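What follows is a group of structures, each given as structure tokens.
In what comes next, chain A is part of two complexes: it sits with chain B in the first one and with chain C in the second one.
And now, the complex of A and B:
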């Protein structure tokens, strides 16, 4: 036993995790669709069930921390394969709930494999990229990583659960850290900007702006003649780039108007303010925003939290749990929640950076990315910044599979981090 | 390596910056929601929190003149079951006992309910119907059943209470009792006296404490409900019954479109019975519309009373003044007025003309005396309030129409035509009010449907008779017309109603209606009062569009209803035998048809169905006669009738075809 053999668990991360889980539990309690409150451990009610799930998670944590640290790296591939099989198996054995076949029935409970596919994919990506001869600059390797990430997403989309599939773009952060060219980020941002612009601004204005911007960049680049390391700017490349941008813009607006289904289009339209529909498709978001607005500074006591107690916000104990926090504990509660999340993500990045082991670092970035995207997409939806995308808020939304999946995701990293001194190749 | 590290760091700063921007975005939006637009959102949330719950008041009862219930409110209960409310333990322990009790209560097997309840439980049905329209006793019983006794939250019992209005008389007085429902126009007594019956709803301020759960803020109501008052009407259920059945029987026999019968107490104006029956699509009669109040129509001969009173009052004639009926036909501006008796009545007095309802004589009485100053006649009618609505509490009263010489469409025909009741319009109730005034020695009282308003036993408001006109004309005139009306029954157009042991007075009316559409549509009416010497009740019967083949004269169609009502009410003497006799009265007797279009009807024998001579008649008139006999007409040529295929006096049956050759 060497000096670094004694595991050093990151107490900060564990404390934040605990805080979030219990804030979540009390929010679920306040948002529970019940006429009369019973004990928080009443297994017949959602809060009692969540309480039970937390207990199961405590057990899971002990198991995760007890397992030999090398296990996760060694069995990453196997875990990934099993996870993908469980996703594929849904098409045969799955149970339909709310129009999506995302669950296996297990007794009176259901099990959602997509929540577990996240850590499996994170492990697989980390395992593959940490191999000595693998580089993202190698096109073949890049394609393999892209494949590992895309496979679960492709299995999840047709369930249909496009929200959960969207989360796999979170691995971009890890790849970015591991040397993926900045171009991908820039391209992504340009693509998103053009997409949104195409919906909000007249298409001819966008084309004009593209032409003007490209022309300016071209003119600026001509002045860099002295910089001999860079190739001479070629005008035809700029022309091609311009056309690609214009073609992309035109095609997005075509896809949006002609190929997207109404329900998706409507969700985007509402966030962009293109349509006002508080009674129909915008009902959820509107009710959720009323709930948050009603909270004020420090929130309303439970009997005055009418949006929450009145059951006006659909799915409030699951995807819209953040609105219950907003109404019951006001700006204070939401700020604390946001700070806790940001601090957790920051903490994970710090932890990832201190890893000597590349596998652990990549895994850490994967975890950070997933939490960030979940947090942003969920909260963004609840406060009306983003279209309605049905994904849970980590640790807080009601649901056993979700809570366990996130707990495993985080605690595998805490386990890896705890052994960072001794854990090396 | 240093460069790489720096590179990586830069990239990480970029990503961190993205994270921070996103976090800021979220915070900004939350502040926006909670503070900048916070008041709006809080206002929206506030709307949800409080509500003014209305506590419905209990509607008052509607009684008849003898204190019998016409309408009352009772509670009905629907029982449902929330299968998710009881705990599994409670459910399983009590379900068998509950199913057994339900089975006993509703005469079904225990297993039926056991299966039903289990199914609801497994389907998570939170609103399973157990029973509908229960009365309070049944509801109280079910409330004590196993499981249900635990109440709404633990037992899953859902009770929905409704107040329903019950009308004990049912179809008999459906229209006059009426209804007062949200979203539809008020009808009948329920509608007319709604301000008394309704009461006022209370208000209770409540706060929302959970889904579908509201808690009163104060222990007392913000506004207590005031129950509606009980309304005692003038309707007499027994008389209503008599009027309803007499009218119904006659309508059914004559296959009429609709009819009305109204009985009014002479001295007080209290409406004792008001029956309105119309034929439905299935041929059955029901209280369809309030024809007595709503339907303005040309009264025809019943209006001759008004004409005679006007002339007597203006002293332009006396009862003994003689007019020449001029062969039963008289022309004005190329249009003919005919008597129903072919050939007329010779020279007859005004009194006799009234008794036999001679159109020619009475038209001359009006036309000769008023043609230079028609406004005198019209003003006289106006002075008797004939142009005024009765302003009844019941909605939809028809507007009376008496044209004035200053009117734009006043023509030379207006005056003579008004003389025998055409070109004017009155509702049956307006006509009755006038007849009642005559019976009441000139005192015109307003028809009235309400006696008093009570709260429990306390009298809130009492209603007395309202006098529209203390004297429509001199007593002298009244005395004269009373004699004439009595003679109508004794020896005039309604002598078929005459009864030795009971005196009645009145006037028949038979007028064409919708003659602009087709001939053969009549309104048969009879208005009068009884007993003739000391009038107690006035009554009008109007029957619209009887089947012409069975009869259409006022005395035949409407008169018997009047007689039945009169005798049953007053003499308390059932008249079933006589009533049947009347259908078989030989029409050879002198009858009055008042229509100037129905020329040859006097010769027409309804019962024997013989075709009269049509030679020389206008084609239109001839067609009307033949068609009224039920036969079909084939026309040849145009103009007047030159010859007919069936000889006059031969029997005609409905399948016959009569060929008329015209000049």
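And now, the complex of A and C:
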């Protein structure tokens, strides 16, 4: 053997992980819905439980790092299958909490399989795509990958937990890295833009805009006949594209107004500024922003962090934990947290890029994408830039399943990375 | 490119988020902090006791009492028997339901008042029963306790502030009480003190958690200032009694200081009527009584023609301008022919008369001639009129005077410009001749008349009339009230005029109301007046007016009395003035016959004429209005004012 013998664990990633976990613990402590604070290890309080979960995670990390590195690739398929079964099993054995059947009861604790489905899916995608004869250019292979990603999402949506399902779009980044055209992303963006436009602008204006834009593109492409990289400007293609866009717009408008449930519609309406409703559904976001603003530059001592202490932000120790950081640690704390997340994702990308083996790289990109999407959707919601979507902030939100799921996700990659010199096909 | 996509998006998103954090935590942080405070800081106000009001002799007039508000926190009520609660609160079920709905709309978490200001007696039976209704409770608050059953209009009252007041003065919050009229309004800032507050942080259920910032932002209340006012409680009470069944007003001023000894407007009401459960009903009855106008302070806001008392001013101006002397005699031929076939009539008396007797007999011809000379002394009538106007206004007539009560009227003293703009053609002194005898265009408020009397008593100056005497026992130190305002008349000219006013008592129009051992100087007035009856302007029975000061050489009181439709000066006004002077100077009443007359005579029949459909005569010389039934004595006429409304 040689240089690659000794595993080299990425200290930077581990330090960032540790920092986030403890900032999270402190924030959960601040946001705990209690009248009197007790010891941080008080197992009857959420912070005590989170402390316990961190301990469990430390054990998990040791186990993950101790397991033979090949295990993850070899058993990816099995892990995926077990994970999907655990999701499906919820419909039979699940326990309803807050109107969603997302948990298995285990003693006094609950277990949320969707938090573990993420790393399982990441492993499965990496495993499938890293096979020598598999290519995204092949329609059949692409459909299989899409299926691997879509299955957990489809199992999670009806729980209902649309937020967790949404996270699976994060695999786009892994697929793009492996050659999937940006056009797919563009299509997604166009679809989203048309959807939002259909809500705020009169439908006839949108149709007019579509026609004008398509016409301009058509005219531009005729002038560039010599450019062979663009498809030939066949007029019927453009006409079809126009009709698809219009049909899509009309149908989203119909879906939004007739099929979406009120609560979903309301959330979107509030972020779009179509309604002002600080007391109703907008209450959470508004209270969250008040708490953050109250923190100011440097934050407030716990006894003066009135919003966090008074429990004004609902779900503050779970999905809205970032607002507690905002009030208690101010701009200083929030910026550091945002930067830590940015550095963590950068670090994972850098680590992924240095992998010799495709399995580890795809997995790395899957991890980075999942962290990014959680960070983007959660913080975006808490600071009032995105609609309310109930997903946790990795490492920081209260919850054992979440913390363990994210820890496993990250540390499998750290394990793969540590063996990058010796680990090959 | 494909290696950079996620990298770039993370950077873009991260920087956007940091930008957003700067926006939330720096740019609009202050606004959000305010919202946070609104959310979570519960302010509990600590109201200091409102200052007491004492009269000039240290007698308590207004103190405080505890009252009880029935409160509700809609969120905490749960289900309850509306009918039973309505019965307990002695309220209409529908009205209670409406109140509860209003409370819910205002706030479900915060308390609203359901019934304000119950008295101790009203509250006692509720105390136990209300416990059975969660979400309802009783809150103590401090209210006024009146030690007197008179003087309501000058004392004023306090009421819950309305939204307008809250908007214009951010001291006040919903539910605060503030002075609404009279002394309570004028000295609101002093009386109320400064409320303090304690701040608590509360959680989202509204429960107090702990003292906010360890109490560092709490504010201790500052006690209200006790006021000593210039009024004499006894004189005030006596004066109001004499005004029984009459409309009008009295102002008495101490000439040496400008202190208002008495300020009465009639009809008045018991200030306690504005307390307790029926207070809203009573306030509305007062405000809506468009017949008696108990809400109008007649001595401050009523503008009347002064009548004959104004003649003494013309005499003084005549002397100052040198157009006559005290000795010059003027002829009276049952009046004065002032051009063409126009004549100002006069009653029957000896003629010709010099100044002293002219005043005593109140000879119209005498003053018409003096007035004409004053106006004609000017190069033009307009200039003469301006000179006259300046002299008159130097007595505090024709302007707001500057006293410390919140309402008033300037009255009207015409000048040259007034007539020039009124008449297109050239005008002469005779055109304005009514001014000579205090009729015509001249209009004054009773307090101006009293102040004018004080200026005469002082032989040429007055202090701005005022009601405040001491604050927290310390005499006030306001140059506005301690600086002499000089009239334009030299002191030497006052003696002959004062002699004339003294003669009024000795031989003139007021000789029947003389008081033994007190030298009084006065002047009666009988004022023609008009009112719209059923849309037609009709002359009414004359007003009875009287001004006086006493003692002649060391004046202690100057007084003006105005009785609406009181026939003639000595019939009502002079009697009242005499009694009040005697009461103030001697402390006792020797002329009980005058007192009996006033207390047993009502002018209600006179006021009722205007309301009836029957044609009627005015100035009927027969003595009417004798009160035979004790029940008809209505010091506080509020009760039947509602009946009157129905009559109308």
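Everything that follows uses one rule, which is that the second predicted complex is superposed on the first by the 421 of 425 C-alpha atoms of A that agree within 3 Å, B and C clash if a C-alpha of one lies under 4 Å from a C-alpha of the other, contacts with A are read in each partner's own complex, and residues count from 1 in each chain.
Quick note on the criterion: contacts are C-beta pairs under 8 Å (C-beta built on N, C-alpha and C of every residue); 3 or more make two chains touch, one makes a residue touch a chain.
Worth saying up front: this structure is predicted, and the values here are computed from it rather than measured.
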Fit or clash between chain C and chain B when superposed on chain A: clash
Partner chain in contact with A:330 - chain B first, chain C second, else both or neither: both
Partner chain(s) touched by A:289 [first = chain B, second = chain C, both, neither]: both
Which superposed partner A:213 touches (first chain B, second chain C, both, neither): neither
Which superposed partner A:177 touches (first chain B, second chain C, both, neither): both
Contacts of A:193 with chain B and chain C, given as first, second, both or neither: neither
Steric overlap of chain C with chain B in the superposed model, located at which of 80-88, 152-160 or 206-214: 206-214
Overlap of chain C and chain B interfaces on chain A (superposed complexes): 35, 173, 176-177, 179, 182, 289-297, 303-304, 306-307, 309-312, 326, 330-331, 334-335, 338, 342, 345-346, 349, 353, 372, 376, 379-380, 383-385
Sites on chain B touched by chain A in the complex: 8, 11-12, 14-16, 19-20, 22-23, 25-27, 29-31, 33-35, 37-38, 40-42, 44-45, 48-49, 87, 153, 208-211, 213
Chain C-facing residues of chain A, complex: 35, 173, 176-177, 179, 182, 287, 289-297, 303-304, 306-307, 309-312, 326, 330-331, 334-335, 338-339, 341-342, 345-346, 349, 353, 365, 368-369, 372, 375-376, 379-380, 383-385
Sites on chain A touched by chain B in the complex: 33, 35-36, 44, 173, 176-177, 179, 182, 185, 289-297, 303-304, 306-307, 309-312, 326, 330-331, 334-335, 338, 342, 345-346, 349, 353, 372, 376, 379-380, 383-385
Parts of chain C lying in touch with chain A, wherever the complex brings them together: 2-3, 5-7, 9-11, 13-14, 16-18, 20-22, 24-26, 28-29, 31-33, 35-37, 39-41, 201-204, 209-210, 212-213
